[in-house]
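Shared between the two complexes below is chain A, which pairs with chain B and chain C, respectively.
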Partner chain A sequence: MAMISGENHGLRLAVRYAVLGLIAVIFIFPLVFMVVSSLKPDQQLLLDTKSLRAFLPVGDISLDNYVAAFQRAPVGLFIFNSVLVTGATVLLSLLVCSLAGFAFVFINWTGRELVLGIILATLIVPFETIAIPLLLLMSKLPWLGLDGLTWGWLNSYRVQIVPLVADGLTIFLFVQYFKDLPGELIEAARVEGATWWQIYRRVVMPLSGPILATAAILKFLIMYNQYLWPLMVVQDESYRPVMVGLQYFFQLNRAWGEIMAYLSLITVPVLGFYLVLQRAFIASIASTGVKG
Partner chain B sequence: MASRFQHSNRAGWLMAGPAAALIGLFIIVPFALAIVFSFTNQRLISPNPAEFIGLDNYRQLLGVATLTLAPETDAAGAPVVENGEVQYPALRGYTRNNPDYPGLRGMREWFSFDWGDNRTFVLARDVVFMTAIVNTFIFVLVVAPVQGGLALGLALLINQKLRGINVFRAIYFMPVVVSIVVVSLLWRFIYDGNSGLLNNLLGFLSFGFIPPVDWLGNPSTALGAIIAMSIWQAVGFHMVIWLSGLQTISPTLYEAAALEGASKWQTFRHVTWPGLRNTAVLVLIVITMQAFALFAQIDVTTRGGPLDSTQTIVFQAVQRGYGKQDISGGSAISVILFVIVLAISLTQRWLTREKR
Partner chain C sequence: MKTVKLLAATALSLTCWLAPASAATTLTMWYHGAGGAGANENEEKILDQVIADFNASQTDWKVELQSFPQSAYNDSVVAAALAGNLPDILDVDGPIMPNWAWAGYMQPLQIDEAKIANFLPGTKGVWDGKLYSIGLWDAAVALVTRKSYLEELGLREPTLDQPWTQDEFTAALQAAKDSGKFKYAIDLGMAWDGEWYPYAFSPFLQSFGGDLVDRETYQTAEGVLNGDGAVAFGTWWQSLFTEGYAQSTQDPAARDAGFNSGDYAFSWNGNWAAPKMLETYDDVVFLPAPDFGSGPKIGAASWQFGISARSQHPDGASAFIEFAIQDKYLAEFANGTGLIPATTTAAALTEAYQPGGKLAVFYELSERQGVLRPVSPGYIVQSKVFEKAVNDIAKGAAVEDTLDAAVDEIEADIEKNGGYGH
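Coming up: the complex of A and B.
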């Protein structure tokens, strides 16, 4: 009897793993196909899709597609642009939104409830519904730069960074997190004569590691994967980020191997980053669901 | 909240100011501008100042009318039938400069249905936009329940205590960190009509019985193909949200259910599901809002085609506002989208409100 139920248990376990494994295959095969194909010459790539060879690095394997991709498009520049825009936005967002969260939770000021209410109300405005008028606004804004006062922000880094720094979700996440911090710490520091800036810098920020990681990861994913906005505001290729740079590979003669190489190049580092920081990534997505 | 903290207007405004100013300038002002522009003929670049034109943009986009026509009759009064089809008078006789039907001027046939002997034609001023609205609703109505349901299924699967379960969780979540633009391109390859992986797989499984289909190039499969691909990319996101909901349910409730000999289904129905109420509302609202914003997949794969079968509201807004530099038309579409999203999320909140 015991033996039978033991076998039964083993079988059920095997079935469970089989189901989990099958689903895993569904989620992973396009990504394996992408990386494997990036190593093959076009002719073989297309031929291999007829069999499981599509997912195996076999045959004529080389990095030629990567070399060709760099020759076809300023890939390095696109990657640099994306890293710059993403990095700058994430850092500014952490600073601006955490300061705001701090002010909303720890300081009593006139208009606090109203401003917070308005900011949270913007959560139901999808970016897509303001993109068109924002485009017009961007074409008219002034900018004081090295060459004096100029008009219009189109075709620049700032047009990709500044409008996306502050957002309701990030502020909301900071507010939620700060509310759970022990308020006595802030009161005590205040009594001892610390300035607000000192409290923010020396008391609250050192306790904010988890929320800073969460907010940074969410913003990173959104910014690195930007498509609609840079598509509209950046025609000049010297400011183009990676996702818009893709257009380069769809002109005239389409080389699938090169496309796969480019896709791998812009995706694999993010996947690697994700796999290393997996827990933090998943925790940051989960936190958007808490207290929704 | 937090009234025990010290009062300081200066510090409060200084610290919250940058965020408030940025949100005001880059979210609230454009939002207000969208409403204002939608009543004008504003263009991105124009020598003439914009003029107020009232509801014309909305009339142009949403104008719908019906026209019921009797069949054409021959001299004897019998309906004319050609090639087995009953013949009706040509619509352009009504939509082009017919002084008796001024409201129909410039409209085109959207669809028609037979009503007794007569046929009713539904005309729209902008048939493509109407198609875009319908497609977007189909997309949302399929994606919201299917993606939400699959994500819950995955979350329940991942919530088991099994060795190595975290590896599977990591894999299921992987597409979420991949850009939808990259995903769309990869799936273009999967859906390809000739050497696509999907056709090869189906051909292999059916021993060549299923003929290859150009999934994205066929009006009857294109939207479905985009739906499947979108769910594949985003389902891991909502799996994680369900998972965090599952983990808030107290284990003692499960112990109690086990003690009372509840079946798996009973446990799910009476313990798990009630505990997931708030999560369910959130997942539904988030998926709905994301689904209404459908754009990148379309732009990278089908660009609205074939035969407008994958036109969507946001794709139309961008095509007009940016492609044709018609800021006012694009803004009117944006306002329509916002009203739809707002109405639906309010309805969802109301339907799922706490009943007291």
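Coming up: the complex of A and C.
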């Protein structure tokens, strides 16, 4: 009986791994295709798409496409710009949206339900509908910099960061998460005389690792894939992000190898971010004050 | 005290001495060539050289270039126009220019029109009787094949004076299909969406006697986009796919490499693709468009230079454009990119386009068969409507219904925009 049970267990395990393996293959094959294709000359790349060779680093393999990609576009600059804009926006977004969520959940103030409702309603408003009014606003905002007072935020990093810091989805995520935190902790801290800022910083935030990671991942993806907004507000090449830079490679006669090389390069920061966040995510769970 | 006076005098004289050098007014220029305009990265290099030469040739103006990827260029310009952030000099795709002029993004050029009297018609951007843009080159489409294919299939080689008729063209496609040698008889470039569709395929419609819009008034498409000629065009167009001569959905890779790999007997393609074809085959021929009853036609007008309405220095911008349209630069662009030089005198300076040159036929095609797309601000909508209609018909939609719907859409747009100022 025990043997049969063991066999069943083994079979179940095998099936589970087979399914998981299949899913992993489905997810990983496009990435493998991208990286492998980036090493092949165009003619071979196109011929190989007809067979499994498309996923194998065989034939005329070289880094020529990478060299050509760097010659065609300032790839390093685009990646730097995207990482800077995305990183700054994610950090500011976590701060601003968590503070907003904190205020909506833990502080009693008149009209908070109404304001929260308005913020949540923005979830159904596509960005495209506010893009032009936002563009007009950004083109007229003042800025005090090294050149003194100037007007208009176009062609800068700040115009790609500031308008996108706060968003309804991230605030909603924090609100939902904070609602599930034990209210006793907050009450205890208030009784002990803690200020709202101290409660936010020393009680709520240390418990918010999972939601910080989730919000950061979502915001990172949205920001790293930004195309329309930077296209509208940045005409200067030195501020362009990776997705606008991708258009450098979509000419009439497309150099597919270079496109794959560029895509491989701009995927590196995304993978790096996930690896870093994965550790932070586990650490946050391990150090959280409330388990189970 | 003496020292102070001496220093002040020195500073003053230095300022006066340096003043002329720093007096050059900066002119910003936007251009669609980041990453290699069209199909050729030489285009931007040559433009850089023209700008460097212009900046060195005088002390009043200094042109600074900002390049955009072509596929993002028009959207960037429109967004910048909304934000009041346009540069002094723009480059603009010929058929788009009337819209930008009508919308107030551009102002007329201040150049001596005698200097462009001998330019190809497709290179002159005229709206409302005024010259708004001028092109240093044009582009042309040809029916590309190989002499050996024509011989194997027993086909007459058409000429500019005697192009194929519709029957001859159909017979040629049938012969290619029957030979069993090719995947498809013709590569139409269905993989290239966007402006390629109206640029490459609306001349077929015009050769059938139809058009995107009535060019007498530009107020209606009724009777031209759904008249007898247009329906005949739509029926013929659909037959290309139902008869199996062409594919309605094409992989971009097949467009890029299909003809050069022997997958197609014919390719409907532009002169920018010609250099690669000539490298692949030594017997490539560029045939004129067939005549479907109202004369053989191909699209005209490519990218051109103009001045933004925001520019405070139209005189400087015009001076740059006048400088850029010298024959030597037209020839350099043609040599570097394969594009058609705007004048015969420039063509004579090139190897490929001089009489007897490998690409000279494109100059003649442009001159004799080139037809401008409708010169109307509404073209930007008409082109999209046409693109969708031919795509739908290619995939089996009912011809008359599709064209009627396209007419309705175009007319609604014209009405919504108050007739577009015609």
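By our rule, the second predicted complex is superposed on the first by the 227 of 292 C-alpha atoms of A that agree within 3 Å, B and C clash if a C-alpha of one lies under 4 Å from a C-alpha of the other, contacts with A are read in each partner's own complex, and residues count from 1 in each chain.
Criterion: a contact is a pair of C-beta atoms (placed from the backbone, for glycine too) under 8 Å apart; a residue touches a chain by one contact, two chains touch by 3 or more.
This one's a predicted model, so the numbers in the text were calculated from it and none came from an experiment.
K.L.:
For A:43, select first, second, both or neither according to whether it touches chain B, chain C, the two together, or no partner.
P.N.:
Only chain C is touched by A:43; chain B is not.
K.L.:
Check the residue A:237 against both partner chains and state whether it touches chain B (first), chain C (second), both, or neither.
P.N.:
second
K.L.:
With both complexes overlaid on chain A, does A:248 touch chain B (first), chain C (second), both or neither?
P.N.:
second
K.L.:
After superposition on the shared chain, which partner residues are touched by A:154: those of chain B (first), chain C (second), both, or neither?
P.N.:
It touches chain C, and chain B stays clear.
K.L.:
Look at A:171 in the shared chain and tell me whether it touches chain B only, chain C only, both, or neither; answer first, second, both or neither.
P.N.:
Only chain B is touched by A:171; chain C is not.
K.L.:
Regarding the shared-chain residue A:256, is it in contact with chain B (first), chain C (second), both, or neither?
P.N.:
Touch partners of A:256: chain B and chain C.
K.L.:
Does chain B (first) or chain C (second) touch A:277, or do both, or does neither?
P.N.:
neither
K.L.:
Which chain makes contact with more of the residues of chain A, chain B or else chain C?
P.N.:
B
K.L.:
Does the superposition put A:73 against chain B (first), chain C (second), both, or neither?
P.N.:
In the superposition, A:73 contacts chain C only.
K.L.:
Considering only the touch criterion stated at the top, classify A:26 as touching first (chain B), second (chain C), both, or neither.
P.N.:
So A:26 only meets chain B here.
K.L.:
Using the superposition on A, tell me which residues of chain A are in contact with chain B and, in the other complex, with chain C.
P.N.:
In chain A, residues 46, 49, 132, 135-136, 139, 231-232, 256 are touched by chain B and also by chain C.
K.L.:
Which residues of chain B touch chain A once you look at their complex with the stated criterion?
P.N.:
Answer in residue numbers: 1-9, 11-16, 18-20, 22-23, 26-31, 33-34, 37, 42, 44, 154, 157, 160, 162, 165-166, 168-183, 185-187, 189-190, 195-197, 200, 232, 236-237, 240-241, 243-245, 278-279, 281-283, 285-286, 289, 292-293, 295-296, 299-300, 314, 317-318, 321-322, 327, 330-331, 333-335, 337-338, 341-342, 345.
K.L.:
Using the touch definition from the top, list the residues of chain A that touch chain B in their complex.
P.N.:
Answer in residue numbers: 13, 16-17, 19-21, 23-24, 26-31, 33-34, 46, 49-51, 54, 96-97, 99-100, 102-112, 115, 118-119, 122, 124-137, 139, 162-168, 171, 179, 183, 186-187, 190, 196, 200, 221, 224-225, 227-228, 231-232, 243, 246, 256, 259, 263, 266-267, 270-271, 274-275, 278, 281-282, 285-290, 292.
K.L.:
Along chain C, where are the residues that touch chain A in the complex?
P.N.:
30, 34-39, 41, 66-72, 75-76, 79-80, 82-85, 192, 252-253, 256-257, 272-273, 276
K.L.:
Which positions of chain A touch chain C when the two form their complex?
P.N.:
42-43, 46, 49, 72-73, 132, 135-136, 138-139, 152, 154, 231-233, 235-237, 244-245, 247-254, 256
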